[in-house]
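Below you'll find the structure I mean.
Each chain gets a letter, A, B and C, in the order it is written, and its residues are counted from 1.
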């Protein structure tokens, strides 16, 4: 990787320029020095390989910048910090996806993996795009607010023209309406069915594996996940196997790197095997498109 | 007339010792008269010349002259609106000559019945008065400005005063009591039977955050 | 100016009016344009040209011409108000040149600035509507429930319906367009300059789905 990609010193294009306005946060890496926003721009233009970026260093510098700001007069707003977290999390996802062994694109699974990477990438760009247009929107609203609309009540003479009001409700109905309106809103329940694949629990999948391995004695990982309806199930079964290994009831054999993984049952035939779910009692949930933060844990944003 | 950009106010000297003004009306397009038109256009109630003079930083007499000239100009030009001094002050009205068209417009969409949104807003105002439109909006989750104006035009809701922030406080009128067959607000049925958690409510009474 | 200044004729003979009208706008002082001014002066919301045409008994195209001419005339004369086409229709506004004077006078208006979080949420809703809160959250990476609720209370965002799953779909309101000084969502600047690949990103702009 070159020490400093071309474009970093040259005039950044308009997208990068628009981004660099709001964030003076600078990073100093081996292969890049400059505003964080410019770094993003370069990654998005494929001028810098995400796998070459030392994210840990970026994070250290970010924390240092936040601390310095806190010590100074103008601590960073929560908004800005959470924005960095979103971007950093996405970068991390992206990097993880890129670092996974890929090989040639041969089957549908590989294709899916590639698409997932593009999605991560696209999600990051998309977030930046909305952030940019939001700025223009705010400017426009402010400029327009220099004119106020005429919003006046009806002149009494004209109000007198209105047909006599028919009052269809009495005090009791009024109370019902008021009670309905004043009722504390149930914490708005967002339907997240469209964001989450059905929950898959490590414990359940472990039970499935125990059952199969007891009967078969051994099997390749490939066959053990053959019936998995989603890649989430594959992941959870793998986690379950690790748990079973810790319990000392399975063994692994792998002849060559990235070759078939054979799983052997080494436990008894009768013992009760109950995998303790290290991932909390919560079932593991699918990650929303783009693989960002688990949406259930999203910080509530202040209404103000 | 009124084709030039600075028609009036040859005397830019401020009159009634105004506080620091960020502007000089004589330098604005349309001068003092433009400024008067701007303020009157968005004013919700008749404005006394004195108040206008304070806002503009001009002597009251001068403001009165401008107002009279504007009123005459609108008449001459056969405008559909006029500027009249009625009651407490000056206000834009639709011209009497157009009463038929205006009447047709006013009746165009009106029904004798209140909409569900209007009834619900009325209920919230009745139980939460005095209350600002912003507070009612926060409770109902929608903007209620237009609905409150309708209720005010119908005489069911009246302005009770203003908050220190300048926000108008609304409450129900004697006409509301009359139409509901009540003699006082004490006759409003208690909400408790309909709303067991009423005591635990927080944030409903409070002023909503000013800005989202 | 208008076509004629003939005083109101006692002759109630309807002219070219399509329906039974008690008036003929062309015979009123100020003609059709005076009538438009009169109606706009009492309106408390933007009025579509079509609605004005119905009230006046005139073809919509003609009404639109009159409105555009009136707006131009106010500008030329350096009036303190102007007539604008924004949101759902036409409405009187105070002129921007007088914002400082008007601001001194009007305190109780929803001109409070939106926070960055609110602006970003509004932007996502504006460009992606109809959209659920969950989808907005997915883009912004934070829970947006309370921000969306505040935007709704401000009248900028409205519920458009529900998805089969029951999730509420949100979009921007006509009031949002009005506040932006736009007449249609097509007036929003394209996202494209910021995000050239947006169209080709299926699965990103559309329904998010679980990924490995």
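FYI, a residue touches a chain if its C-beta (ideal position, glycine included) is under 8 Å from a C-beta of that chain, and two chains touch if they have at least 3 such contacts.
As the structure is a computational prediction, the values presented were derived from the model and not from experiment.
Once CA atoms are averaged chain by chain and compared with the all-protein CA average, the nearest chain turns out to be C. Among the other chains, A has the CA centre that is most remote from the centre of chain C. Averaging C-alpha coordinates per chain places the centre of chain A 35 Å away from that of chain C. Rounded to whole angstrom units, the spacing between the C-alpha centres of chain A and chain B is 47.
Chain geometry summary: the mean Cα position of chain B and that of chain C are 20 Å apart. Counting partner chains per residue, chain C shows two or more touched chains at residues 41-44, 81, 92-95, 102, 106, 113-115, 117, 147, 149-150.
Residues of chain A in contact with two or more other chains: 148-155, 158, 185, 303-304.
Chain B meets chain A in the complex at residues 41-44, 92-94, 102-103, 106-107, 110-114, 119-120, 122-124, 126-128, 139-141, 145, 149, 152-156, 179-182, 187-191, 194-195, 197-198, 200-204, 209-212. Per the touch definition, chain A reaches chain B in the complex via residues 148-155, 158-159, 161-172, 174-185, 303-304.
Chain A contributes residues 14-15, 18, 77, 79, 82-83, 85-86, 89, 112-113, 115-116, 118-119, 122-123, 125-138, 140-155, 158, 185, 188, 190-197, 230-232, 234-235, 286-293, 295, 298-304 to its touches with chain C in the complex. On the side of chain C, the complex with chain B involves touching residues 1-2, 5, 8, 21-23, 25, 28-31, 33-45, 51, 54-56, 76-81, 92-95, 97-98, 100-102, 104-108, 110, 112-115, 117-118, 147, 149-155, 158, 175.
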